[in-house]
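Below, chain A partners chain B and then partners chain C, in two separate complexes.
On to the complex of A and B.
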């Protein structure tokens, strides 16, 4: 047994989670609004959930606080994870139920989650991830626990239980538009990443193989990355507008100073760096001795590719594509500014109309999309990484 | 088996190998040695066409290597590269089985061969087959590198500083293992090193190189006994007499030993000195002929031969095996302060003895020439 200092058992993360969870009892859970632009009236948890729910949340806060002094053994970890999950589910359900009751019978009324709710969600995240982080569990369990809250929200949404929430209402009033903008968003980021991969991988390989090309290639792709995205989108407008004016062919193809074409070009340029850098690295990590050994055992050029270069390089290249994709999903939101569409449209509309709920409605699917794509690609990359290279820095 | 004919290799005007000619016989270990940058690696790579000569030719079994397809040639020549170069993404079994895989052997045959080779290099297949290079120690990785080179049972093995990256203790173990393996496999081996002790220990012939040229090509004992020029003399060092002893086996210089039993030893304290000449150490053995002690004669005997009191001995501390080198025997003799060391079998039986006087004589004749 390792001797432990008594104070060493205090788990600061859990204590932070408990303190944050406590905030839900002290700050409003949501704000009630009679209509879209009305000022909200704060509603506290006891008012929204009643004595039982308030008591339950208080109990969870207390339990988390006590557990932060318990040694980090597995059972304690799972207890904390459960507390975090319960807190989340309780808050979301209370929000939905109380929201529906509050707005019942009022056509334009809605609720907006406030500080108490958001801090509670944060507390739940801290409690769950803080313990899951060090728990000896498989990646599958990790993913399931990580995805559970999203699943809960989706089920509640599908069941109409969160309909009183303002962002949901904003969604209902623009359902068709939402679907088309989501499609545009996916199309724009997808096409940009595809274009960036198709050009970036050969560029990275070129930069590695030809010393002459290395500096210029990286100077350019690094340079692009330093331009603020808004400026880059702006930069596209003038030359494309000019080209479109001079060459009617281009105009008939839909290429103008604003819209899809400049957005796609800018997004592609942005997506280049991670792809180029990783394609370069994927070859650089293959040690000279390994290539030499491949030659020495009598591999042909094609066999070298198949047995050595591809297995080592592909997962690293895909990691670049993954970073690039997540970035592109975020950058595409900005592309709405030059009329390219996408989920950013709602964000900027919301900002323009002073309707934060509309902003939230635009932002949340962007975040979910990023997380989803990031996680899925991570799984694919893990599956493709040869076992001998796992855990190695890449 | 391998012949270099006036081979030159230039890199953009820089001379790496400057017109070398020599040949290597079948089943011998030829060690290329010399300071860093003298062209050892280049010479080696000219054999399997990793490099092409600027002029001259290399023959393998009488055929110019240039007449073979490079890939075919390389699959038929085992190559252990300077920095191990195991494929990091392949398991030990996949690394070892790569040449059979390139040669399209069936999986079952490949797996059988892989296990066989792991056994051969002393790694338990069940335990090591599925490991990855990052999980191996330096010595294990080197062994796997050797196994990979041996996979398709090539007649020729090229080894470029194969034990260069391991610590001295493990290097010695690997050298001994390699020597034992070579006695079994009898490959034609071209072995590059810059470690003279390694060259002496392993080489049937040693090729000393400098600046792309061969300074001396000889048996190790000859190189040490009569260095071809001042450079070689300095290269082999001032203690070459001592190093040279590593070339000789105890078994070849063993003399008959006098043994008596413990019971017989009781009376032998003091007896007439018949001829007045040198008297040998009496090695005392037990019933199983195993060494248990000795009676040592006084060094300045008068008219009577006087033995010192019985001294108990431990065979592993004083004895040497027949396969050991005279260098080891000498260190035993000097360490014990005796005139001879007993040669013992694995069971501890006394087979004979090696005498200090014989070792000294050997060195004098050797160096004088």
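On to the complex of A and C.
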């Protein structure tokens, strides 16, 4: 590795951010639509924000471009982070303000963010993350900076400032339905992960303890993962319809070929692999390293379990649960196709009606849910990991 | 005995699969025995073989592009010229990998529209992530001492990349491509609802018309295709492993 003076040359990430931010000025910020199915009319940033906002964004672009040649010291890093944040806030507020002015007085009118806006968001991400990465700050600061944009959007949403946005309007027309589908989504993915954890951990232990079981267990759980989700859902339908026909008890429990039962079974099967694999790994890690040390210091069997085995195994198994959960949230979206409900309902409704705004309205909460669950579980896992086992902070 | 497991059995399964896909008579016979009293067994709008070839094209083009572009990008950010982008590329790909693939596919519709080509773009965008990730971590994990000794042997930068780094990282890179393929085979199935065609078309049509024979046709074919592809890459991976341990 060659050590150069910090910032001796151009910081390319910042320059990329500046170029992307520049694109915001050249591409439409949003599209104005008279109604749900109308074609959009593009509106550029100067038209939407007026001279002041355009000047401000141009200033941010210029500042970022200049700072990409500045030495990478902390003050410069924070300047770039602030530029990224300001860019984001300016774009979102301009979108909301100009949007409500544009649609004012028109009942079905709405706006949809366009390329200019999305590229601007990417520019802001690049500017902020590119500098945050090398900044010597704690994980807490990192999380706060990472959460800030979401908070900004939430506050604006709560204040009704983003009401002109088409996905927000789609939400308002089906608020009650949204809450119940969100509930169904959480219930389905949560129950599947719970069922997979309850069965997967013993399976992992079995695979580790009995050499005979290892290969078949992994062949099956690996194999399930390769089956396309829609195909697995489809394959559940016929046998469940048959069982429901033959056994009235099951039918009275609500088990049918379509709906919750096949979705839950398929989702559980999918969620198995990460849990089984990590339960297996956790045993291998325990066996491999510390058991001798524990015996050496004279721990009893119970003490070993309490102070050595469980603290090592729990974070590893939870990491598997984390992967399973994120996957299950995505797969549950597909389950809407076999009538299981959940947020996928809106996505597929939107696709069926040719209403892209409804698609976006369904997709955004699914994406946010996955990212949120992933990050929160990461925090929990980090907190539960014994200090001696922590690697580099992630 | 070993050959029966590794050659004869797969060959027989592939043959049975081919007959199921190409011979409508045989398929109807199979489906009739499994699902008595259905009005129709054979999806009449498009042949199953055509749907399978659409599926292969969807996955092949998107994963092929993802492999080429992803490995190139991964190499780029581990070279001195692209080092600056290393953290940001890793950030973006680790955040974006928590997005459900179906979400990316669905977002292609508002962004670029319905149909085959937009779906390929969506599949490509999502499936490039594991390829980049694995290429970067594979190249990063090459022992600096090995690179140093390659340099000591008088190898040029390009030679070090092709003869030392890439072969050592190959297994991890291929694992990334495998992940990308498995994701794409699965997501392409859902592509039917965004007008991409492929095997999901029969499944969705079966769900809409409440015909489990259709659903089974599509699901079984897609599942077999996914298995087969995964099996094949597993073989390639093992071969790479054997080559290394020589």
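In this section, the second predicted complex is superposed on the first by the 374 of 394 C-alpha atoms of A that agree within 3 Å, B and C clash if a C-alpha of one lies under 4 Å from a C-alpha of the other, contacts with A are read in each partner's own complex, and residues count from 1 in each chain.
In the analysis below, a contact is a pair of C-beta atoms (placed from the backbone, for glycine too) under 8 Å apart; a residue touches a chain by one contact, two chains touch by 3 or more.
These figures come from a predicted structure and were not determined experimentally.
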Legend entry - Contact breadth on chain A, by residue count: chain C or chain B: C
Inset, instruction - Kindly classify A:245 by the partners it touches after superposition: chain B alone (first), chain C alone (second), both, or neither? - result: neither
Inset, instruction - Determine, under the contact definition given at the top, whether A:11 touches first (chain B), second (chain C), both, or neither. - result: second
Legend entry - Partner chain(s) touched by A:382 [first = chain B, second = chain C, both, neither]: neither
Inset, instruction - Report for A:306: first if it touches chain B alone, second if chain C alone, otherwise both or neither. - result: neither
Inset, instruction - Report for A:130: first if it touches chain B alone, second if chain C alone, otherwise both or neither. - result: second
Inset, instruction - May I ask you to decide whether A:287 touches chain B, chain C, both, or neither, giving the answer as first, second, both or neither? - result: first
Inset, instruction - Answer with first, second, both or neither: which of chain B and chain C does A:210 touch in the superposed model? - result: neither
Inset, instruction - May I ask you to decide whether A:296 touches chain B, chain C, both, or neither, giving the answer as first, second, both or neither? - result: first
Legend entry - chain A-facing residues of chain B, complex: 48, 50, 70-76, 79, 81-91, 98-99, 102, 132-134, 148
Inset, instruction - Can you check the complex and tell me which residues of chain C touch chain A? - result: 34-35, 82, 84-85, 87-88, 91-92, 95, 98-103, 106-107, 109-110, 144, 182, 185-190, 192-194, 199-200, 203-204, 206-207, 212, 215-216, 218-220, 222-223, 226-227, 230
Legend entry - Residue ranges of chain A touching chain C (in the complex, touch as defined): 1, 11-13, 16, 112, 125-126, 129-130, 133-134, 223, 225-235, 237-238, 241, 257-258, 326, 329-331, 333-334, 337-338, 344, 347-348, 350-352, 356-357, 359-360, 362-363, 366-367, 370-371, 374
Legend entry - chain B contact footprint on chain A (complex, rising order): 287, 289-290, 292-300, 303, 307-308, 311-312, 386-389, 392
